[in-house]
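Listed below are the structures to be examined.
Here come two complexes built around chain A, the first alongside chain B, the second alongside chain C.
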Partner chain A sequence: MLGLNKKDTSLLLIVAVLTLLAPFILNPFPEGSAMAQFNAGYPDLMQRFVIFGIFAIGFNILFGLTGYLSFGHAAFLGVGSYAAVWMFKLISYNVIPAILLSVVVAGLFSLLIGFISLRRSGIYFSILTLAFAQMSFALAYSVLSNPKFNLTNGETGLQVYADDPQWFHRANAPDLPHLFGVSMRSTYTMDVGGWSFDFNAGYYLCAVIMMVVFYLAIRIFRSPFGMMLRAVKSNQQRMNYTGLNSRPYTLAAFVISGMYAGLAGGLMAAMDPLAGAERMQWTASGEVVLMTILGGTGTLIGPVLGAGFIKYFENIFSKINDNVLHSWFAFLPDGMEDFMVFIIHPFIGKGWHLTLGLLFMLVVIFLPGGLVEGGQKLLNWVRGKRKDKKTSGKTEPAE
Partner chain B sequence: MGILEVKGVNKRFGGLQALGDVNLSVKENSVHAIIGPNGAGKSTLLNCLVGKLIPDTGSVMFDGQSVLGRAPFEINQMGISRVFQTPEIFGELTVMENMMIPIFAKRDGAFRMHAYETVQNEKQIVEAAEEMLEEMNMADKRDMNSASLSRGDKRRLEIGMCLSQQPRLLLLDEPTAGMARADTNNTIDLLKQIRDERDITIAIIEHDMHVVFSLADRITVLAQGTPLVEDSPENIRGNPKVREAYLGESA
Partner chain C sequence: MSKNDVTRRRVLKTGAVAGAGLAMPTVFTAQSASAFTNEPTGSNVILGFNVPQTGPYAEEGNDELLAQQLAVEHLNGEGDGGCLNTFTSKALKGNGILGKKVEFVTGDTQTKSDAARASAKSMIEKDGAVMINGGSSSGVAVAVQGLCQEAGVIFMAGLTHANDTTGKDKKANGFRHFFNAYMSGAALAPVLAAEMGKERRAYHLTADYNWGWTQEESIVASTEALGWETVNTVKTPLASTDFSSYIAPVLNSGADVLVLNHYGGNMVNSLTNAIQFGLLDKVANGKDFKIVVPLYSELMAAGAGENIKGVLGSMNWNWQLQDEGTKAFVKSFGEKYEKPPSNSAQTCYAQVLLYADAVERAGTFNPCGVVEALEDFEFDGLGNGPTWYRGADHQCFKDVLVVRGNENPTNAYDTLEIVEITPRAQVEYDPEHPMFAGGSLGECNPGS
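This part shows the complex of A and B:
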């Protein structure tokens, strides 16, 4: 289907089903139950899942295929956000021009940075991209926000004000980002028994876009171009002596992944019309590296899983506080209860990074292929067990 | 006039004269061996031919065109393929993918943005790669990860990758270095087969006299960066100067 082989088609279908049914899948616990705090099916978080999924899919095209580790991809995300908000300010709240411009601007910006950074490889390349990203952050945070020339609105963040031109804004269109009149914030809530499921327009826009770019990523992975990118990672010397110029290949991969990042940034602004410089900071660049490695570098689905995993932790684990812990351990004697809370306290709430760090270490040490490798091992183990049962079942009668 | 003409090439690394006034002419469709003791400048000369190094003075002409100042990939596109001392292959890719990449490079040039096609749908290239694997007796290893091949198979694969581009000149840098006798003999047989069956010029740098004398039509002896003598294998064998400079150690 769509020029994919059977395995890739089923992968695409699985992703499609999971993203479309996410409002159900992520809300397994009834409203009001003790476990409801582990529900992730609210629009804000679901949007973040897919947006960071897009970001990580794009990053993986560069890092997973060519092995060039960029530490500055958040800069493209930030640039995309700024471009989108400017479109809201100047044109209208329709998200289509905003998203298109964010991709184009991020593409051009990554062409410039990639052209310079790709003169070096390995750690020098990483440092160059990091330097560029931090320069972009500084530009956005202070330099490009002065009274004479205010492109980014500095610390406050770029947002839409009532006196902005919005030349094509129609009176009957919503005063928030919308897709031809459908507001990104409009949500239909379905109540079934104790459960409540949110279907949000913004989320579904992001989900459809993610499926499209996921499909494009599969095509790139299976194309001759993708094979050349893996050749870059494998042996550049052989590549050059085989008549291939590795520079344009890496640059093309860099620009493609920059455009994915810009798209993610544009979608972020489309969900919430605000762009701040902190989106470009190096911690944000590091986060996408973590997502990709955690999920499985160079695999198709890995980065999406990694993005979901980290965003889930960030939003759900960080919400658990001491009161919640006390209620969990209420069945213990008082001293024991306080002791357990004391032990777990550093790993929850603001300390969720600690838990994430530990998990990251475990994954890197025991599952270098990321969550995808873990899944495969589990699958093989289950299959092996089933086989054992079958063979042992066959041998029994002989005895 | 040979297909490869090296004239007056000098290369100096700091105080070391690696190559001094090297002249070399490789005739089309011949096997030309370059031998010499360690440090004679064989590898430096080879690197000057493929664009890795640029000589300080002199000229290197391939088929009437200068190769100096061109990048390795451009020189390859002119029709020169290089086999390395330790096999350089795409270790993380399968044997089949390894074989397809040079064929893509031959067809599409140094860069093409074919990001929306599918590798498996490139019928011509798949066929050409399969044919070459057949010829290299590696068809059964088609889907193996190339890093897990034996040393001898890696060498075969690398030679096959170079041949799949139908180069006019094949450069071999000590193709049997570090190989067991059996592997060495297999490689010699393979190279003989290539020499006899294809319109190809081979320039080979080698340490192993057995390899050189069983393959070469012409031999150039390099000593301390300068060609000592160039002659047919029979005459080289009997040449006292060569014995003194090179064979003397072992013979």
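This part shows the complex of A and C:
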């Protein structure tokens, strides 16, 4: 279907089903039950899952295929966000021009940075991109937000004010980002028994866009261009000796992944019309590297899984506090209860970084291929049990 | 490379998926039935406490969280009732809010606008919080305030000192109890004049972001009105940890006062550098060299240790005050956590009680009712003396403290001494003051 082979088609269909049914899948526990704490099916987090999924897919096109490790991708995300919010301020709250401009601006910005950074490879390339990203962060945080020339509004973050021009804003359109009148915040809540499922307009916009860019990523992975990028990763020197200039290919990959990041940034602003400078900080760039590695570098679906995994921890685990723990262990005798809370305390709430770090270590040590490898091992194990037949198992790795 | 075997079955499948995708948006037009966002219908009500639990202000955040938990206990009638006994409004009975038991959820702002908005959103969308309280940075406060306005819940700001929070970024659903940079300037100036004279030359080092600029602007304006001269204002990057290169030029600039518009770790480091350079032992223009830190906090004072001795600054509140509200709060906080509360903790505690009281007086959790009850509300007994929540910009007006690093601290918490309690009238300003102009509250938003 759509020019894909059978396996890729089924992968795309799986992704489509997962994203479209996410409100059900992410809310497995009835509301009010003790486990409801682990439900992730509320609009904001679902939006984050797919937006960071897009970001990670794009990053993977560069890192997974060419092996160039960029430590500055958050800069493109931030630039995309700023572009989108400026469109809200100047044009109107319609998300279409905002998203388009964010992709274009991020593309131009990545062309500039890529052109300079790609003169080096390996660690030098990483450092160059990191330097550019930190530079952009500093620019956004203070230099470009002085009272005379306020492009980014600094620490506070760029937001839309009532007295902004919004030339094409119509009176009957919502005062929030919208798609031809459908507000990104509008949510239809379906109550079934004890369960409650949220269907959010913004989420479905992001989900549809993610499916489109996921499809694009598959086509890139399977194209001759993708093959060329893989060749860069295997041995760039040999490629150069054969007389082939690999720079245009790597630059194209860099710009494409920058545009993905810009798209993610634009969508973030479309879901929540504010662009903060922290989006460009090196920690944000590091996060997408973690997502990709955690999910499985060079695989198609890995980065999306990694993004979901990290965002889940950040938003769900950080909200478990001692009170919640006490209510979980309330059935134990007092001494035991306090003991259990004491043991688990460092790993939840503000300690979510610690839990994530431990899991990251485990994944990298035991599953170097990331969550995707874990899934394949599990699948092989189940298949092996069922029909004791040796399968070829591994799907081809991308490199 | 590609495979195009179009079958009838496949076309149908694709069509069904695409159709379902296209049909999805039409279901969103339906609106839920409740009158406002997260209307509490059960026997309890949920408040959201959004504080930095990681990052540079984590300590302040944890102190705020402790105070918020204490406030919830007092609202539910547990513990000794704290300030409920001294609060002049007697609407609260210690039986929750409007008879509903108060529960809370917590989130980590990480002192980042994005993360703070994400955690506030999850508290609103997932946990059904009707009010968001806390925070330890102006950037975060403005970001979360904007979100609460859009979502239709009340925002009770925690520690935020920049003028913009109730200036150009003010919102109808947001309220600030903490004081601001303008008030710091207005309170400090007379004390500075009395202690250092009217002919001083000041050198400013300013954290290069929004809060730093508004504070610098405020202090420059109020000291120049005294007759002081501003020699130079230098912006320092927020990420700096070593300020030696910024301190050295101060010595030769002809200045005799150094104003550090820094907060948190920045302030601890810059003050330490200034002391290491021996600035306080210098004599310039025939006068003893002085250092001023306009915004103080207990936690910064503890971080700077010895260096803070004799340095002047301003505060919103201090646990050593002797009014009834302060005594009640410090007593119940101290009994529960075995330390005195910081001024950010006091602000968050007061904000929770003020919200609960406003709901009780309005008789509804509807944000518009709460806004109406809080606007131009006069009260006392929460530790700051007679206080006024001005309706025009949702800023609290109350006495401001001028404090000095204690020369002879008797214990670990006795790091600051109160020099003067500046009366409220002296720090008041017009809502259309140039430092605050440019924004508008807009309409209160009850959401759906």
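Convention: the second predicted complex is superposed on the first by the 386 of 399 C-alpha atoms of A that agree within 3 Å, B and C clash if a C-alpha of one lies under 4 Å from a C-alpha of the other, contacts with A are read in each partner's own complex, and residues count from 1 in each chain.
The working rule: a residue touches a chain if its C-beta (ideal position, glycine included) is under 8 Å from a C-beta of that chain, and two chains touch if they have at least 3 such contacts.
Predicted model only: the values in this text are computed from it and were never measured.
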(request) Check the residue A:3 against both partner chains and state whether it touches chain B (first), chain C (second), both, or neither. (result) both
(request) May I ask you to name which of chain B and chain C touches more residues of chain A? (result) C
(message) Just checking: does A:204 make contact with chain B only, chain C only, both, or neither of them? Give me first, second, both or neither.
(response) second
(message) Looking at A:226 after the superposition, I want to know if it touches chain B, chain C, both of them or none. Which is it: first, second, both, neither?
(response) first
(message) I'd like to know which partner A:73 touches here: chain B for first, chain C for second, both or neither.
(response) neither
(message) Quick check for you: in the superposed arrangement, does A:235 touch first (chain B), second (chain C), both or neither?
(response) first
(request) Considering only touches as defined above, state whether A:178 meets chain B (first), chain C (second), both or neither. (result) neither
(request) Based on the superposed arrangement, let me know which partner A:319 touches: chain B (first), chain C (second), both, or neither? (result) second
(message) Output check: A:249 vs chain B and chain C. Expected answer is one of first, second, both, neither. What do you get?
(response) first
(request) Touching chain B in one complex and chain C in the other: list those residues of chain A. (result) 3, 5, 222-223
(message) Quick check on the complex: what are the chain C residues that touch chain A?
(response) 1-4, 6, 10, 14, 17, 20-21, 24-25, 27-32, 53-54, 58, 104-108, 112-115, 117-119, 121-123, 125-126, 137-139, 142-143, 146-147, 150-151, 164, 168-169, 208-211, 213, 235, 237-238, 439-440, 442
(request) Sort out for me which residues of chain A touch chain B in the complex. (result) 3, 5, 219-220, 222-228, 230-231, 233-235, 237-245, 248-249, 252, 256
(message) For a test of understanding, state which residues of chain A touch chain C in their complex under the given definition.
(response) 1, 3-6, 13, 16, 20, 39, 42-45, 48, 138, 141-142, 145-147, 153-157, 159, 161-163, 176, 179, 182, 185-189, 198-201, 204, 208, 222-223, 272, 274, 276, 278-279, 314-315, 318-319, 321, 323, 349-350, 352-353
(request) In the complex, go through chain B and note every residue touching chain A. (result) 50, 71-73, 76-77, 81-82, 84, 88-93, 97, 100-102, 104-106, 108-122, 161, 165
